[in-house]
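Letters A, B and C name the chains as they come in the text, with residue numbers starting at 1 for each one.
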Amino acid sequence: MTAVPAVRLTDLRKSFGPLEVLKGVSLEAHEGDVVSILGSSGSGKSTMLRCINMLATPDGGEVAIRGEVIGLTPTRHGMRPADRLQVDRMRSQIGMVFQSFNLWSHMTVLENVIEAPIHVQKRPRAEAVAEAEAILAKVGIADKRNHYPAHLSGGQQQRAAIARALAQRPKVMLFDEPTSALDPELVGEVLRVMRSLAEEGRTMLVVTHEMGFARDVSNKVVFLHKGVVEAQGAPGEVFTNSTSERFRQFLAG
Amino acid sequence: MDFAFLYDTLLTLLPGVPLTLKLAFSAVALGAVLALGLAMMRLSGLRALDWPARVYVFLFRSTPLLVQIFLIYYGLGQFREVRTSWLWPFLREPYWCAVLALTLNTAAYASEIFRGGLLAVPHGQVEAARAAGMSRGLLFRRIVLPVAIRQALPAYGSELILMIKATALASIITLMEVTGLAAKLIAETYRAIEVFIVAGSIYLVLNFVVTRLVLAAERRLTPHLRPAPVAILNDGGAA
Amino acid sequence: MTIAVALTGFVFGSLIGTLGAWAKIGGGALARGVADAYTTVLRGIPDLLVIYLFYFGSSAVLTPIGRFFGAEGFVSLPGFLAGALAIGVVSGAYFTEVFRGAYNTVSRGELEAATATGMTRLLRFRRIVVPLTLRFALPGLGNVWQQVLKESALISVTGLVEILRQSQIAAGSTRQPFTFFMAAAVLYLVISTASGWSLSRAEAHFTRGLRRA
């Protein structure tokens, strides 16, 4: 474990109009951590994740990736990134997997996976293709590489999206409810891929409703309630003897 | 900007407005009747009716209106049969030629709009009417037509505006409606920009009024799409 | 000739439409206002009037400039250019709406995914926004093209020799106007059917991956 955390959030605040979604959230994820972020809908967990790569701009607080603080300048309505280039560079090192896959529908699976390596990271095409094929084989959809996303099942699409994120050679991976849009019988294949990534020692922050994943795979659980961290710690402690009444209610409900 | 000239231009062009409106409304009214017939032919399910309507719509939609106007105004006179028929007193007149061309043209477009509206009538509502024992005629008049008109109204509104714009082409066969007067004025004064501003404003006002009327009609005809009044909601009757 | 005028106008129009759609989607209040005014005005005014403006109005603007540079008499745009410009300005309003509508159909998630990989705005526009928007815009663009094709007939009014003008001249000299205008109509029919056919081919090509197989 290194001294500098891979992701550090300090007193993060975010409002949408009059609605205060994040009321000062702090969190640290170190290299190799797998952090499960739990909470009922409206608890601010997705917003928090999206603040990490500035898809949502925080109104206050600080985001640091591997020690580098992302500069924010105040505007009339809140904040905006001070340096767009810094944000673009930081984003290219963070892989994101969305609830609704968000694969680019005009590109085949392979084209989706090599898009960012070639055009954002300017890597040679041959190298990107070779690496993409290896990644697709790893997530188990090598045979689908020339299919368009619309022709795949939800589980295959999500695995393609994970491959797309992996191809960025990310330092950190963000998962925003990666199994919530899937039919129940397809959840397993996606969770298996995520578990194998965790075993490789990748740094992952996962917003999820999958208690099994949180309990068995992650080494840290964060429970968000109404915009504040209500409980956090190793899954063993948090799940068995959390002092938070709300977390016990959440588990029961 | 020379306001005196703009004012003079307005006074010169305004007398063209009645002719523009007359052309547009005669064509729209006659065209609607023809269009309804065409739409029924297309939906009849009989090939002998469906195909002629299809061909008609295809021909009139894929050739320029200007060509259609020329064909009728200059072209028909080529045939002696036409020149000696009882129709000739009409077909000799540019006004009637323009009305005829505009009517035939709008009928092609409007028939597709009507057809779309008729197709959009939910099958269940038709079935419910049949179950209530309505005759075919009654069913069409009381259920299908009202629903179809509501569906077709927005598209038909755009067609009305296109027709008002299309009347400008009548100026090419010597009719002195707004654009005809504008062209004449441009030729006399060489002040195309000022004349354009005034003539354009006249059309914008006309189309603005038409848009408003269509919107008002839409509101009247679609009370079920408006938010329900609060009082009824509280009674629990609207849900 | 018809096709040349129509094509040139179409290209002008698509450029204007791109600008217009950009102004309506991402522009400031001023740009949006200008674009709104442009589409409202152009959709409410007869195309013939716009053609008159370019054909006759251009000399009003160009003649003083020409004088300044020592030219004598009237300076005006050649009929071809005036016509193509007019068609471009008219169709630009339709393009604006087609592009805007298509952009709104593009899934926000796909755009967000592009942002999340660290694409710059320009790269995202080029690689993701344009191809996706074009794909949804294609049917609309087909309609605009058919419209432009028919509008090119109006250019005959400004004295450009194209299909219609030719048949008018021929009709005048042979006294068989019906036959000649009919020929003109048939020619338009052929061109528009042919382009309709190639458009549906193009659509099939560009929308691959859009539907389930």
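Please note the rule applied: contacts are C-beta pairs under 8 Å (C-beta built on N, C-alpha and C of every residue); 3 or more make two chains touch, one makes a residue touch a chain.
It should be emphasised that the depicted structure is a prediction, and the values quoted were computed from it without experimental measurement.
Under the contact definition stated at the top, no chain borders both chain B and chain C. Located most centrally within the structure is C, per distance between chain CA means and the overall CA mean. Here the CA centre of chain B is 23 Å from the CA centre of chain C. Distance between chain A and chain B, defined via averaged C-alpha coordinates, is recorded as 55 Å. Here the spacing of chain A and chain C, counted between their Cα centres, is 44 Å. Across the complex, chain C is touched by residues 53, 55, 84, 87-94, 96, 98, 100-108, 115-116, 119-120, 148-151, 161, 164, 168 of chain A. Listing the residues of chain C that touch chain B in their complex gives 40-41, 43-50, 52-53, 55-57, 59-61, 146, 150-154, 156-157, 164, 168, 171, 175-179, 181-182, 184-185, 188-189, 192-193, 196.
Only residues 107, 109-110, 112-120, 123, 127-128, 131-132, 135, 208-213 of chain C touch chain A when the two sit together in their complex. Interface residues of chain B, counted against chain C in their complex, comprise 59, 62-68, 70-71, 74-79, 161, 165-169, 171-172, 179, 182-183, 186, 190-193, 196, 199-200, 203-204, 207-208.
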